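You will see two complexes here that share chain A, one where it goes with chain B and one where it goes with chain C.
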Partner chain A sequence: MISGFILRALEGKIVVAIAVLIAIAILVPVLNLLTPPDSALHIPTYAMSLFGKYLCYALLALALDLVWGYCGILSLGHGAFFALGGYAMGMYLMRQIGPRGTYGNPVLPDFMVFLNYKELPWFWFGMDWFVVAMAMVLLVPGLLAFVFGWFAFRSRVNGVYLSIITQAMTYALMLAFFRNDMGFGGNNGLTDFKDILGFQVQADGTRAVLFALSALVLALCLLTASAIVRSKFGKVLVGVRDAESRVRFLGFRVENMKLFTFVVSAMFAGIAGALFVPQVGIINPGEFAPANSIEIVVWTAVGGRGTLIGPIIGAVLVNAGKSFFTGAFPEFWLFALGGLFIFVTLFLPRGIVGTIQHGFKARKALKAAADAEKGRGDAQTVAQAVQAAE
Partner chain B sequence: MNTIAETRSKSLLYLENVSVSFDGFKALNSLSFVVEPGELRAIIGPNGAGKTTMMDIITGKTRPDTGTVLFEDTIDLTKKDEADIAQLGIGRKFQKPTVFESHTVWDNLELALNRDRGVFGTLFYRLSAEDKARIEEILDTVRLTHRAQEYAANLSHGQKQWLEIGMLLAQEPKLLLVDEPVAGMTDAETVETAILLREIAKTRSVVVVEHDMGFIRDLGVKVTCLAEGSVLAEGSIDFVSSDPKVIENYLGR
Partner chain C sequence: MIFRTFVQAFFACFILSFSVPAFAQSGADPKPLIDGLAKADFAEAETLIGQIAATGDVRVVPALDAFAEGDLYFRKSDSAVFIGKTGDAGLDLTDPLTGVSAGTVPKSAVTKIKINNNLRRVISSATGGLTLLSPDRSVRLAAADAVLASPGAENLGLVEAALAKETDPEVKLRMTEARAVSVLSSDRSIDEKRDAIRTIKTIGGNNALSILSAVSGSIDPSLKGDLDAALAALQSEQKLWDMAQNVWYGLSLGSVLLLAAIGLAITFGVMGIINMAHGEMVMLGAYSTFMVQEVIRNHAPGLFDWSLTIALPVAFLVTGAVGLVIERAVIRFLYGRPLETLLATWGVSLILQQTIRSIFGPTNQEVGNPSWMSGSFPVGGMTITWNRMWIIVFSLVIFFALLVVMKKSAYGLNMRAVTQNRRMASSMGIRTPWVDALTFALGSGIAGIAGVALSQIDNVSPNLGQSYIIDSFMVVVFGGVGNLWGTLVGALSLGVLNKFLEPSVGAVLGKILVLVLIILFIQKRPRGLFALKGRAVEA
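Take a look at the complex of A and B:
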């Protein structure tokens, strides 16, 4: 049962994408660690970390594609799930600092000492254990998505209304996390990380492993997403996207279908956040900003929604563009992003990968039609040949 | 003459004194309507007579203000939602053909098939030989075998109507509600559709809403004429179409 579920996921393009991701997971760290700094093949550590960050964004875009591209739920709040996963990882990293903080308190992180906390808030307990923290990376975004989705989908909130309340959700969380008395470091967030599982966060080796993990986890999530969308469940999802009432009248519980997908997607986003934080070294409430969530939509649209691979390519390309523009012409980045979104909406509504795929499909259909014409002739000659042989 | 209790206990679908109003407009006005098992029934009536509202109530899309709606005498449909009612065995075809355009004809039928419709049931679903045979049988019934692997978006209007009927068959309903199946069809397609519906009605009850009087005549079944939310006349097509009230309300215009 499970093997069939996974095997179905391994369609041509997905296999190639996974192979590429595995190759990147091996090659980039090797070129970073094993080549001398003056070699032409050397990849500097900052470049590797930057690319690692793009891979986390790619996973975030993949998460959005699952709900938006396949289920028609345009979430403008996916940044919230990403940030929550990031905070769970950040809390673990904060607890690893121990007595090495400025105030030297073995239990309380610096910001708590500064804010006169006497003891650790209850929700920080257990977060010094890696396993607990990793469970929270999945559970907290998953639970929020479950509760949110339970009410929204059961009340049949759809379309633009749903988008607006997801946006409101991430905005509310941003305001809450900005408050000092929330116990998450307020404005400054969580930073100054030292160790992860006993390894120095800043060390080249740790960074290489984090990079490789980002690529491998992305590959694994891509495989899972592919298995989901290629199952009968995935076909029902597309049905929900295109003709929701038809799905209901066929006897499917649309709200359960949406809820499951939304929760899986939120968990993907949480994982992306958890991989992101040790690589950039900070998590603060700015990650909940509504604009961040809208940017995710732009990456997904540019790459091609409903293609799984498109959002990955879109996230990497747009963010590489952002890194370049903010370095070279910092004041033009937002114009470039806006312009790109308008261009894609007007001229590439299917996105990059969607447009290429559509082109191939059209050519294949033409060829199939031509073959069918020819095939009729062939079938006749074969039949004649068979008769002659008898 | 049967007593009410007897009629009810033998019925597949039983509506009594059903009323619903939207913003003061009475869409249905104490409508009573009975469908027996294995019956093929046609419903006619002018625009705004409440035909579509009646279907909405039967399939759980709209809740009635008052009245009784029973399926198989015991199940109260007013307490159930669309998915429950579909699983009970009531299928519905929309006025505008509604199929999954970005799926192939085959996938459309596979989705409609009466199997486990839960999240995990569908995630781990595998096409069995039995299901494959069933889909092939339906493809044959709705005359779409040669287009099975084609995207539904590429079908002609009439073929989409048939595909939707095929999807309803895959659902294995006990009762099929069909809203204007021949709207926009060519004459040849209309004749074919009448044959198809009669074939389908051999094994289940079918209720057809239609404006096309020629088509109703082709079906040759009992007709109910609705107007202003209640039943105006019921009987054979000749009986109904000679009723002065029907002529005044519907045919005469």
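Take a look at the complex of A and C:
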């Protein structure tokens, strides 16, 4: 049954995407570590780290696509789940510093010594164990999404209202994490990491492994997401997106379906955050900023919502653009991003991948129609093709 | 000038102890004393200043002031002392007491009387005490206030002397209070002190409270009961005033929220457009104010007090026009797709922000307060600043004006018709695209007007709008979409709630709590406080 679940997920494009991701996961670290620096094929470490960051963003966009593209929930709070996952990882990394901090305290991270903490706050306990920290990466965003979604979907808060209160959620969390007495390092956040599982965070080898992991985890999440949306559950989910009341009247528990998707998506975002932090080397409350969450939406929209692969492409493209612009024309980046928002919503509502897919389907429909005219096709296939194109 | 006198009086009260004997009111002629300054060294001069002040003659104040400024000279020929001002042909001399001109002499004919900082202090304390006897009413009032602000037994004789001569009822009252304050720290009789406590109690407010608690440690045990009773009464009164002050702060914050949200109540509440660029409209309004003030500063400085009045229509037109362009260029293609409107308007907001940043730079711009917007006035135990006061008034005026437009004008009728049933309204001959465009322009224009007001209390920077956008959405969602009254009630209650949470949990945590409360509230009433009923709900 499970195998059937996964097999269904392996539709053509997804297989290609996963294969590409696995290839990247192997090739890029190999080219980074095993080629000499002056070789044409060599990939410098900074470029690999940068690309690793994009892959984390891609996972984040995939998470958003799951709820927005397939369930119609435009969450403006996914940055919060991302940051929470990041903080969980950051806490683990902080505990690994041990007595090597500036103040040399074996238990307390530097900022706690600085702020006169006498002992670890309760929520830091156990975070020095990798397993516990990784569980928190999933549990904290998942739990927040569960509680938030349980209330919101039950009282049928939807559409723009949901967007606005998710935005309020991430905003409130940002204010909270900016406070010094929250125990998360205030506005400096968590940084100066040294080790992860005993390996130096800064070392080329560790970075290569983290990069490979990012790509592989992204592939795995893509597979999971694809399995979800291609299951029977996924079909109903699209129904919830397009006609929520109708699905409810058919007897489905819409709020539970939304809740499940929302929680899974939040966990994806948490994982993305956890992979992001060791590669970037810092997590601070700025990640909670509402603007960040909205930016995730534009990655998804550019790539094409409801396509799973689109958001991955969109996140990588937009962020590559951002890296280029902020380096070359820093003044111009916000114009470009703003213009992109407007352009995509007005002229490319399906996104890049969505538009291409649509184009293929339309061609198929035309071809079928032409065949039918020649008397070789039957009416049914034409109707099907036309329907698909719409 | 009054300020300077006040400062002097204030100093006087700290330093009076130096010159206590000086205020024994000798009534002697000050003229020979002043002339004595000519040959005095610093120590002698200090004594002389005390004696001069002791004459109680207010005519000596200009001479002492001149001395402090280094404008006192003596003539080499006869050692007579004069106030000298540098003129075109040397020094213009005037008599130190009468102010009568004594001709102009070359600088070589006179010698400046030396002054040091210690003497300056002695002078300022002496003139400060003398101001209690000044013929100028406002100077006396300031002097009495200064005694009130820093009580001490050494002022008592002086205050009583001044009180005996005083005729003006208001100054007299203030001096009575000042006397009571001084009595408490003196060695007067118990009964007199009891009266003093009663007098101080009538002053009320934090001042009386701090005066009484300051002496509570050293007071005679037999007065303890009276003092504690007075303190308790004052404290409970103060609590009420604190409450009132909190409500006032809350209303003030609420009016700011109302201003920021009211334009949104139209674009989001009435038209259903998620206008993420709303905050940038507020920001454009604030920058319009800045531009208007710049023009006024450079071309007509006299009109500065009118700058806000001029900026209002300018900001309304500028932001309204920008809104019109946005609606025609972007939003009209997105009706019925609210989530995509959100994205597109977010893009617009990024572009507007960056445009302003490129033109004006990322730093804060200086927007001045006209004179009628600055300063404050006391109401009982609380202080009300004029700018907050005007902003509350202004936000209410805007609110009711908008309400009238919506409910009474033909345009408002069209707008509501389009909101309720677009196709029917169109069938009736209403040009719905125009109504859409104008409504969006109106909402944007109102945001611009809000920007004029907010420029008075907030930093005018490209990020100005960002700080309001989430709050504005909260207000509209909390109050109920599509209902202006909901926006009013929502804004004011959120403001008051915020300010009441602030003292106990701090500003940031208070804000977080309010956000969490709103999120919970939305679960309970997804359509806000004042939900629309009927068909409009599903539209």
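Going forward, the second predicted complex is superposed on the first by the 368 of 390 C-alpha atoms of A that agree within 3 Å, B and C clash if a C-alpha of one lies under 4 Å from a C-alpha of the other, contacts with A are read in each partner's own complex, and residues count from 1 in each chain.
The rule is short, and it goes like this: contacts are C-beta pairs under 8 Å (C-beta built on N, C-alpha and C of every residue); 3 or more make two chains touch, one makes a residue touch a chain.
What you see is a predicted model, and the numbers here were worked out from it, not measured in a lab.
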If chain A is used to align the two complexes, do chain B and chain C fit next to each other or clash?
fit
Of the two partner chains, chain B (first) and chain C (second), which one does A:Phe249 touch, if any: first, second, both, or neither?
first
Contacts of A:Ala25 with chain B and chain C, given as first, second, both or neither:
neither
Look at A:Glu331 in the shared chain and tell me whether it touches chain B only, chain C only, both, or neither; answer first, second, both or neither.
second
Does the superposition put A:Arg154 against chain B (first), chain C (second), both, or neither?
second
Can A:Ile342 be said to touch chain B (first), chain C (second), both, or neither?
second
Of chain C and chain B, partner touching more chain A residues
C
Could you say whether A:Lys235 touches chain B, chain C, both of them, or neither, answering first, second, both or neither?
first
After superposing the two complexes, the shortest C-alpha distance between chain B and chain C, in Å, is 7
Shared contact residues on chain A, chain B side and chain C side combined as an intersection?
none
In their shared complex, chain A is touched by residues of chain C numbered 274, 276, 330, 333-334, 338-344, 346-351, 353-355, 357-358, 466, 470, 473-474, 477, 508-509, 511-512, 515-516, 518-520, 522-524, 526
Residue ranges of chain A in contact with chain B within the complex:
1-2, 4-5, 228, 231-233, 235-236, 238-239, 242-243, 245-246, 248-254, 256-257, 260
Chain C-facing residues of chain A, complex:
74, 148, 151-152, 154-157, 159-161, 163-165, 167-169, 171-172, 175-176, 178-179, 290-291, 294, 297-298, 301, 331, 334-335, 337-342, 344-346, 349
Residue numbers of chain B touching chain A in their complex, please.
59, 61, 81-83, 86-87, 91-92, 94, 98-103, 107, 110-112, 114, 117-119, 122-126, 167, 171
